[in-house]
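In what comes next, chain A is part of two complexes: it sits with chain B in the first one and with chain C in the second one.
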Partner chain A sequence: MQVITNSRRRGATPAPGWSERVAMRQMRPLLSRREVGVAVALVLVFIVFFSMKREFLGAGTLGDIVTVAAELGVVAIGASFLMIAGEMDLAVGSNFALSGMVLAMLITKSGWNPWLALLVALACGAGIGAVNGLVTLYARIPSFITTLGAMMFWRGIALYLSQGWPISIFDDVPLLRWLGGARVLSTAHISAVWWLVIGLIFCLVLEKTAYGNWVFATGGKRVAARALGVPDTKVKMTNFIITGALAALSGCLQLGRMGSMSPVWGQELSLEAIAAAVVGGNSLTGGIGTIFGAMLGAVTMASIRIGLVMVGAPSYWYMSFVGFIVVAAVALNVKLGEVISWRK
Partner chain B sequence: MRRVFGLCLIACLAIALAGLNPAASGADQMTFYVIAHTGPGDPFWAVVQRGVQDAGKALGVRAIFQGPAGYNVPEQVNMFNAAMAAKADGIATSISDARAWAEPIREARKRGIPVVAINCQEPEEFRGTIPYMSYIGMDEYEAGKTVARRMLPKLKQGAKVVVAIHQAGHVGLEARAKGIGEVIAKDLGGKTDKLDITQDATQAIGILRSHLKANPDTAAIFTVGPLGAIPTIKMIRDDGLKGKVLMASFDLEPVTIQAIKDGICEGAMDQQQYLQGYMAVVELYLNAKFQLDPADYDTGRGFVTPENVDAVAALVKAGYR
Partner chain C sequence: MEEVSCQAPLMEGIGLCKRFGRVVALEDVDVTIHSGEVIGLLGDNGAGKSTLIKILTGVYRPDGGELRFEGTRVDFASPKDARRLGIETVYQDLALIENMSIARNFFLGAEPSRRIGGLNLLDMAAMRRVTEEALRDIGIAVRCATDDVCVLSGGERQAIAIGRTMYFGGKLLILDEPTSALSVHETSKVLGYITEARKRGLAVIFITHNLYHVYPVADRFVVLEHGRKVADLAKDEATVDDLIRIVAYGIEGTRRQ
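Right after this comes the complex of A and B.
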């Protein structure tokens, strides 16, 4: 099981020689967490914005931040779950828009029961994920290419379905309030609760279950994993489906909050989700990463978004800021990794 | 290790201080936000931004223009919420989605923050459902009809036209297209094709070219903004289509102006968006200062043609129209 311990996660099966390194444990458990980079970045972002605008630490602002982080974060959880298994999904943004539109159309145009419509929308997202998985795994095309194509294809379908128009739900549909419309605390919407629940579930799955170990093994050293009897193809397929379903859920959460869905929304979502995952310490090549890190990554990006508006900076600073944070957080992680392995 | 931390910290602070410091000054100044569904990367919104900034300078207040990089309503709503959290003295926003804006604007008004609408409004059937205090802009659907009517004398009965949309799904642009299509169908018995030409100029030319190849009987191209007009004008020039295909557009910028001068473009609707930025700040300021109720302001429906283009051209160049 060397493969799995290589991923440097907490709770992994101890590797031979583990007991000898116990002496280092005062600092290492903290520093070896993949989330250190993003945690430092997040603290810095908070210090910078708070020093410029006192209202940045108000309950209203924090509520706004978690609400924004929730929609990105649900996608980022899926993206990192798939990334750890060694694959990537660029189609999550299109999936987000299309599935949200399916929900909106089934409720408004077809008059379906909203809860049933939600199931269909999630199934639609899962289906898109499944197609990505099938094409990637059986046609042996890199997932970057498969999902790049899927990103364009499904965006086009979404545009076709609504002829370019956004779809709005003006009736009072309780489901929408449950998804994202209702507020739970100050300005925080209920979508933040779903995000935290889903995050907790996936943290546990990844860190505490055999399936989590399989995911790490599949993304780490696939050949070795296969030799150890890990059903790597099934794992990847499952993760593609989960990622698709979570992208769809995020679309539904945003529909709940906005009451509208447009076929052109969520265009930057794919890259933002991957950025959140990477900032949070996930490896682009798989085998390494945490869900909690991706969630912190989403919070960091949401904080930058909200903070820049509050201090009155030109909106284009957002991209530069996020770009800087992505590189800085990853550089920090790499540096920490070197320091830790050197001290071993 | 420590050096890495140090470098990161310094770089972060340097960026923050270099870029944002002016924003931190003047803590007791009144602050107004104008939040658009697209940022100043679109030449149209750059003019609005200038209006906002000029009004801020003239009145001695902080006037901040914000907008997402591309057309993105959820993003815009998030920015609006952030402006509320920053305790703005007033916010102007474009009503880019009738459903999505109802709740945030209600919330702002509940917290006592004045809100005015600029640039685009909710569709007619939902008028009055969103509690903004005034609308500063033009009616997109009516403007579409006006542009189409201007073109009627130059088109034959049953003519086939195409509306090139550079931001599919944008409520305002779709409303312009709808207005055009209705007039062409009703007054001319003609057919209107709607074409998504994207915001990418190269792609737009390719899409338009293949559409014209497939539909050689197309009599006119309507573009709904500069991002559609610029590639269209380039194509008409490159392919020598002047006189063969008529063109009309919305909103002014230097390329469209030149095309009107050259007779490539029959005319363009000018909604004088500088006013949308400037007047929004003025109305919000007067409301905050003297509790004067904001009033609707029609930023105009002037149609710029070869006859009046020269007078307007100088102002476009200066970035005021």
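Right after this comes the complex of A and C.
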């Protein structure tokens, strides 16, 4: 009733179908959220795997999904944060491996205090991000090129440092338990908690702080942002560093969970993280996106990875499946965007 | 209005020169801008209009001459210095960021925040309320300040950029081709906002190719040609046709006729 009187007072004639329009108007905020594509994709993935195997919704599987999602998700949060600022980092996979290796080597070979070693490993990741940023912003090279080079360069360094061998830690190091070894909620690893905490922090920074406003503005239209006094170069630089540090943290989380790190791990991680962000509604060219979307994207990809193992499909299907989901979710977002702008 | 009109000019450029290598972009140009005055800055492409504007807004440093703001000499190291004095430029396509809400655009670079639990968080409610109020105050109706800018028309975008300058205490508003991509109806609206800005005592520099847009709202016309000022006329000294002739044929051409 309230709606009717209001619309009459505004002078709108209650034409046939007006209630549908009201409903549409109420739906619009929900439908225009760019996470819709990934939410639909995630539900579909769950339905498909659940119909094939009932255990898919069991606590064990969900714990595995969250564990995989956490390590990918921490990288995806960084990828998303940087992508919204209008840049990308293809080197996060190499950064992940190298920083994880640094932590492992400092603990085993150099006998460092593990907590100090963790700080150095994170600083190493942040430093790689800083170099990406400096080269991109001051040499004015597209970040795609800069980080493509960095991806190869740091992978080579990781291989050199370990001479191609994985490094394992057999001692019981409390830090590693804290990072990823310990369990929470019986089946998940503690890394999932760090992922959620970091996700929450970055959601808050992006949506509710002036800095977040600057990130959107820098990625959305850099010249306009600069004209209004936004320190666009500083914003991009900061986000490169954060992305690097988060990639390093992900490497440390995985080292914590597995107790070892190989210089060849994380080769697909960069593209997976970018895919998670894009599936989650982030624009590849910047200025649009949410951290929550990237996190959902990571969960979707983790679900596919675990689901395929559960149903006994060969693991090479993972890439095909993910590829399909990336395109389908983005296409759905585009379609929804069109429908919503027509109805306005 | 009452206190500014009898004072020194708001801004003065005296003998401004700018060279790029061997190209002389601006040569010995004097320009005076008073508060509450709309100046039409005219000239063909390459006449030096944007060079002059970039000097006034601190993007370029002049190679010769000096700038005075409210009677005192100023030397801008960057656009930030000019902005601090209240000199604001609204570029045609660069004023707003399409994928951000009106309120976020309005406060970009000057976001209000509240301390909540030790964190400085954006005061979104205030941003929305103030944006809607400030825009309504100058006659701009927005449906909802949380809408994205991309749903707005070109004229509405100009309006928001102009409204933002007024709200943040701008003293000199520079509009670069504000009407060139607008419909007739929208153009008249934007011209209305310019009049409103002037009524509030702002000085406006209106750069355009379209004399029919600028003539009704401007008080004075400055015409540049090949980096030199060729005319500086009050409205009652020249008709639209005179000005068109000056822009098209130069001051010589008009004398010959």
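The criterion applied here is as follows: the second predicted complex is superposed on the first by the 319 of 344 C-alpha atoms of A that agree within 3 Å, B and C clash if a C-alpha of one lies under 4 Å from a C-alpha of the other, contacts with A are read in each partner's own complex, and residues count from 1 in each chain.
By our rule, contacts are C-beta pairs under 8 Å (C-beta built on N, C-alpha and C of every residue); 3 or more make two chains touch, one makes a residue touch a chain.
Bear in mind that the values here come from a model prediction, so they are computed numbers and not experimental data.
In the superposition on chain A, A:N132 makes contact with neither chain B nor chain C. The partner of chain A that touches more of its residues, comparing chain B with chain C, is B.
By the touch criterion defined above, A:K221 lies against chain C but remains apart from chain B after alignment on the C-alpha atoms of chain A.
Once chain A of one complex is fitted onto chain A of the other, the partner contacts of A:T146 are absent, as it touches neither chain B nor chain C. In the superposed model, A:T209 makes contact with chain C only, not with chain B. In the superposition on chain A, A:T238 makes contact with neither chain B nor chain C.
No residue of chain A lies in contact with both chain B in one complex and chain C in the other. Of all residues in chain B, only 1, 4-5, 8-9, 11-13, 15-16, 19-20, 23-24, 31, 33, 39-41, 62, 64-75, 77-79, 81-87, 97-100, 102-103, 126, 165, 167-171, 174, 194, 196 touch chain A in the complex they form.
Residues of chain A that touch chain B in their complex: 40-41, 44-45, 48, 52-53, 55, 58, 60-61, 64, 67-68, 71, 159, 162-166, 168-170, 181, 187, 254, 257-260, 262-265, 267-268, 305-307, 309-321, 324, 328, 331-332, 335-336, 339.
Listing the residues of chain C that touch chain A in their complex gives 79-80, 83, 89, 91, 94-100, 104, 107-111, 113, 119-122, 124, 151.
Of all residues in chain A, those touching chain C in their complex are 204, 208-210, 212-214, 216-217, 220-221, 223-225, 227-230, 283, 287-288, 341, 344.
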